[in-house]
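Multiple structures are listed underneath, in structure tokens.
You will see chain A twice below: alongside chain B first, and alongside chain C after that.
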Partner chain A sequence: RAWVSIPNPNGLPLIATATSDKTVRVYSLRNFTLHSMLEGGHSRSVRSVAWQPAVKNTGTLCLATGSFDATMGIWRRREERFADNEDSDNDDDWEFAIVLEGHDSEVKNVAYSPSGQWLASCSRDKSIWIWEEIGDEGDDEFETVAVLQEHTADVKCVSWRKDDGNGEILASGSYDDTIRFFKGDDEGEWSCISTLEGHAGTVWSLDWEPEVSQKQIPRLLSSSADCTIRVWSKTWECTATLPTAHDLPIYSVSWGKKTGRVVSTGGDGKIVIYEERTKGRTSVGGAIEREWVIVGVLAGGHGPYEINHVTWCTRFDSGKTADGEEMIVTTGDDGVVRAWAL
Partner chain B sequence: MSAILSADDLNDFISPGVACIKPVETLPAAKPINSSNEYEVSFNTEAPPADLPPAQISLTDCLACSGCVTSAEAVLVSMQSHAEVLQELDSGPSLRLSGNKAGTGISIENLDSGGRIYVASVSPQSRASIAATFGVSEREAGNMIEHLLSGPKGIKNRAVYRNSFQWVVDTNIAREACLVLGADEVMTSILSGGDKENGVENGVAKKQPSKPILTSSCPGWICYAEKTHPHVLPHLSRLKSPQALMGTLLKTTLSRKLGISPDRIWHVAIMPCFDKKLEASREELTDAVWEGNGTRGVRDVDCVITSKELLMLADSRRVDFAKLPRTPLSARTPFPDAKLDAFLFPQHRRRKNNIPASGTSGGNLYYILQYFASQHQGATVQTTRGRNADVLEYTVTSEAGETLFKAARYYGFRNIQNLVRRLKPVKASRMPGGKPVGSARRPGGKQSGPDFAYVEVMACPGGCTNGGGQIKVDDPVITGREAGAVKPGPQEQKEWLSQVDEAYFSGEDSGEEALSLDNHNDVVDGVSPSYIMSTLAHWAAATGIDLDRLVYTSYREVVSDVGKKAGDTERVIEIAGKIGGGW
Partner chain C sequence: MALDNENPLILSASELPTRKQRRKNKELSSKQHAVKDMLSSKLCSADPFDLSDSSDTDSNDSVEPIDEMEIYDLIAPISDPEHPLSLESLGVVKLQDVHLVSPNDLTNPAALSRVLVELTPTVSHCSLATVIGLGVRVRLEQALPPSYRVEVKIKKDTHSQADEVNKQLSDKERVAAALENENLMSILRTMMKTCTE
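Take a look at the complex of A and B:
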């Protein structure tokens, strides 16, 4: 079974898929062929993978993996410049550079902060660890910055919000039905700054609003085993619930950067797309109301199999009609990753 | 890790199929995994195990094991409670002592009544917690505790047998011995060139720990290291903690001098955390070690209660703690050995407690730095703050500017992670095809060990005054309101902790005259090593037990085959996990 597929956030036409065969496969988005494989580092399923944001132009690709064997791996590879270079040395392979141990049980999700400074991991052991790479380039040293144990059950997902001047905030969703926000202060002390309640089931997935205008704070999207998707904003209340389309837990949501649309999938194998529209005013001089509507449903995208992950992904293949056009990539229990265009 | 364990945390999700590993060890014959245990998940299709003896798990087994989930641990820890203390006190008349003022010739009147002598030791952090709670000084808090435990207005009052504690001692006394012995251990390690392990002397494996030496007085840290990072065990200081040392001192001396077996002495320790209860249950801290008769012996500390539980003890006997007298108890039976009596109950407090740089966990590191600096003329100590407030690095530099000694303080779980990672030995590469790239863990040739000679490691951020058993800022005793009405934020907790710390550091100055009483002039940081060593030698001689057996202990790796390694257990977990989802 395949768990997640994460497109490279640094503009490279690559996507990394984590699977239960203990490997991660990286595919090229130009021609949908296998680019490389990360293997031999984990003894159980790789549940999550994250690309390191390219802060400096080091020419190295770096991936973090989180596995059911309770460890995380940091893998590096020298970036080819995509000129078809026949000189396939050992340099091309992924080097398994570091093992991060510490969690007591399965690691469910790993995520780099947008600035690349922090790496967060969460686990069935109810804790969230925050790591920082220290030392010089190539020293390969990570230190534990914080161990956050506020959740009362398995933590399923973590997601960072971009720094808006107040620092980067980490959101987490858990089997205990809550979402929590964490932030670190200048002294290196991290604490839980907010707890969002409202879901009636496990919070499986979180995604922040990708594009917001200057003054606004991005909203948070969450999906849950209670079959709802909620939008949270302002001082963190649930300000909208998307129309119900799923009848089984919703494992994944993604908020599209280019179109602002949301796509969701889950245990019922459906892929559902939503859009936010303005509804107009209900009263003279009142606020403009907005609502979410469903614009498309596709059932059985992976046959009878559950779909574990969905994400919007920039197209690089020859079939694209415009620059920056986005497609949907789904990852299912059938071990297959599919790309869909609207 | 149960460093901040409390009775509220009893909601662990227990996954099916996680079975207790302990009975497997106690079974006499061959061991299939998980054979005779009532907690095992068994499927209807399997034949039930035939004719196996019921598994017996003792408190000691459960507390120190990592086999199943910690809810069981929490429940068992709560069995060592103030209720148990009262139950014990009410179980029968205690032994009555009579004797002359000189301290010799103390004898027991009613030896055949089956009763016991009760002794208590109190930690300074508990006194600080109580002092801050009731707005009194630390010394006054100590007196109030003594009145509670031994005085006429305390728990003795209205008790069925009017039992009370014969002696209430301060663990700071034992701590002084630990400081001196700790400095000794570090000096030996430096002089012997660092990495000498496992030297055997006189048939007793006198295992000198290897550099960097790590403090071993925090049981939360020790249990965690034994379960999860056994590779640090060779670095742990071999010394007992002050609680353990005091326990050994009291039990050995009283049993030898009064001619009773150690199980007739019941020792209660009042500590700032729950993990000390785990420490008290360690097999290494029983009379089997110093009596040497190889049986599972009598504990050196029978029961540990927390600062909060002490107040609950007072409540149960309907004693209004706040109204207890703040002056010392007037009369006290002298301890049956004159020199130890003077040691345990000094006229004046020898060591000043008022140095914040020493931290609130006994000041092991501070003492070692002072001791080392005192051995080198003109040396100075520099402090650098680490990644956060709980990491501090110290360097002792000679007058000429040369680095003589490096040490550090690492408090809190997240910082301990970084420390153990650096101490981990390098493992071979896991890459297929044997790429010459080197190890999966850094470093290959570059041992990035930070070159410390000593690290003070404590599980609780902020040190022992922030222990899990201390009185919390939202406790009704302090707020005077219903528990839970006031939700304390991190700021309130920080302020409360600083109040407790202030009480901890406010130990009154003993004054210079006290020191000259002992006629020893090699005082470092208020402690005279020669006085301590001579007292220890006297103790060993008086009890006829080798000093090494009295003051040193050992550690063992706790091996659990549940959950992590492949095998039947893991498959059961995987199968059980698939039914009903949850991945």
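Take a look at the complex of A and C:
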């Protein structure tokens, strides 16, 4: 089965898929062919993969992987002029640079912070580790900055929020049905700053609102085994629950950057798209009411198989009609990754 | 290590459900063969849930829909991890606790069937309830077509930690990781031996 597919966040037309055959496959989004493979680094399924945000133009691609073998891998690949390279035979393969050990059981999710400074990992051992790369570029030295053990059960997912001037915040979703926020202070001490309760089942997936105006704080989206998707905002309460469409656990949600739409998928194999609309004012001079509506449901996107992951993804293929146009990419138990256009 | 339940209640053959005509189910035996191969071979690169070898029997499914009795037949012979007895004879699985909800439209390839199996542990604090539940779930997921969603639960009021066990059994990630654990897999293989004999 294939677990997740993560598009490159640095504008490159690549997507990386983590699978149960212990490898990660990187595909080209221009022509949907296999670009390269990461293999030999893990002894069990690769559950999660994350691209390192490009801070400097070093011509190196870097991926972090999280596996059921309780370790994480950092992989690098030299890529000089990617744009001209359709034939990958001459390129160097992915080098398995470092293995990060520390978790006691399966690593469920890994994520780089938007600035690239930190790498977060979470596991069935109930903890979240924050790692920082120290030393010079290519030294391959990582330091554990924090081990956060506030959750009372497996931590399923982690998601970073962009720095709004107060630092980058890490959100985590857990088997204990809660969501927690963590932040590091000026001295580098990390602590749990908030606990969000409300879900009646494991929180499988989180995503932050991608585009907000300067003054606003991005809202958080969560999906759960309780078959609901919730929006959290303000003082961190659940301010909205999306209309019910799934009748089995919702494994993944994604908030689209270009359209603001939300897409979800899960055990029932359905792909559902939601949109936020203005309802109007409830009273004269009152606040504008907004509501979420379902704009589309596709059942059986992967046949009878469960869909483990869904994400909005910029299009680079020849079928795109506009720059920055987004499509939906789903990853299923059939081991297949599919791209959908609306 | 002392056994959890040294004196289990064993049902006699006359108390067990039978079918008037045990019809020769072709697809069932071919699936059992596939299950035996999967459990006995070294799973280095094969995904435990890969049913690609039995995909050619899919066309049979729409002709002969599976019923509760067949599902029961798949799990009844599973051995208890502690005793050399089947779950059926220990009363852990019962035909009346196997529930199947089929979709109205069987021609729709996306239509899902829901299977719910309720297990009755031999004692209310049985520590092996999770292993037994996992064995039942794995057996059904490997033997049934991918359009079947399997739910295995401990029957209400029969176990002190039913909720905890049920949550674990319904977590696909935990189940997937457990199946990559060689110790656990060898226990499950032993439990399943009686299914394919």
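What we mean here is this: the second predicted complex is superposed on the first by the 331 of 342 C-alpha atoms of A that agree within 3 Å, B and C clash if a C-alpha of one lies under 4 Å from a C-alpha of the other, contacts with A are read in each partner's own complex, and residues count from 1 in each chain.
In this text, a residue touches a chain if its C-beta (ideal position, glycine included) is under 8 Å from a C-beta of that chain, and two chains touch if they have at least 3 such contacts.
Keep in mind that what you see is a predicted model, and the values were worked out from it rather than measured.
Novice: Between chain B (first) and chain C (second), which does A:Val145 come into contact with in this model arrangement: first, second, both, or neither?
Specialist: Once the two structures are laid over each other on A, A:Val145 reaches chain B alone.
Novice: On the A-aligned overlay, A:Trp75 touches which partner chain: chain B = first, chain C = second, or both, or neither?
Specialist: neither
Novice: Determine, under the contact definition given at the top, whether A:Asp154 touches first (chain B), second (chain C), both, or neither.
Specialist: In the superposed model, A:Asp154 contacts both chain B and chain C.
Novice: Under the stated touch criterion, which partner chain does A:Asp268 make contact with: chain B (first), chain C (second), both, or neither?
Specialist: second
Novice: Once chain A of both complexes is superposed, is A:Gly102 in touch with chain B (first), chain C (second), both, or neither?
Specialist: first
Novice: Identify the partner contact of A:Asp21: answer first if only chain B is touched, second if only chain C is, both if each is, neither if none is.
Specialist: Only chain C; A:Asp21 stays clear of chain B.
Novice: Is A:Pro304 contacted by the first partner chain B, the second partner chain C, both or neither?
Specialist: second
Novice: Let me test your reading of the model: by the given contact rule, A:Gly335 touches which partner, first (chain B), second (chain C), both or neither?
Specialist: Once the two structures are laid over each other on A, A:Gly335 reaches chain C alone.
Novice: Which parts of chain A are touched by chain B and by chain C alike?
Specialist: After superposing on chain A, chain A residues 105-106, 154, 175, 249 contact both chain B and chain C.
Novice: Which residues of chain A touch chain C in the complex?
Specialist: Interface residues on chain A, with respect to chain C: 1, 20-22, 44-45, 47, 68, 105-106, 108, 124, 154, 156, 175, 202, 225, 248-249, 267-269, 299-300, 303-306, 333-335.
Novice: For chain B, which residues count as touching chain A in their complex?
Specialist: Chain B residues touching chain A: 11, 13, 387-389, 413-415, 417-418, 421, 429-432, 435, 437, 440-443, 448, 490, 563-564, 581-583.
Novice: In the complex, go through chain A and note every residue touching chain B.
Specialist: Residues in contact with chain B: 39-41, 70, 90, 93, 95-99, 101-102, 105-106, 129, 139-141, 143-147, 152-154, 175, 187-189, 191, 249.
Novice: Would you mind writing out the residues of chain C in touch with chain A in their complex?
Specialist: For chain C paired with chain A, touching residues are 45, 47, 49-50, 108-112, 145-147, 149, 167, 170-174, 176-177, 180.
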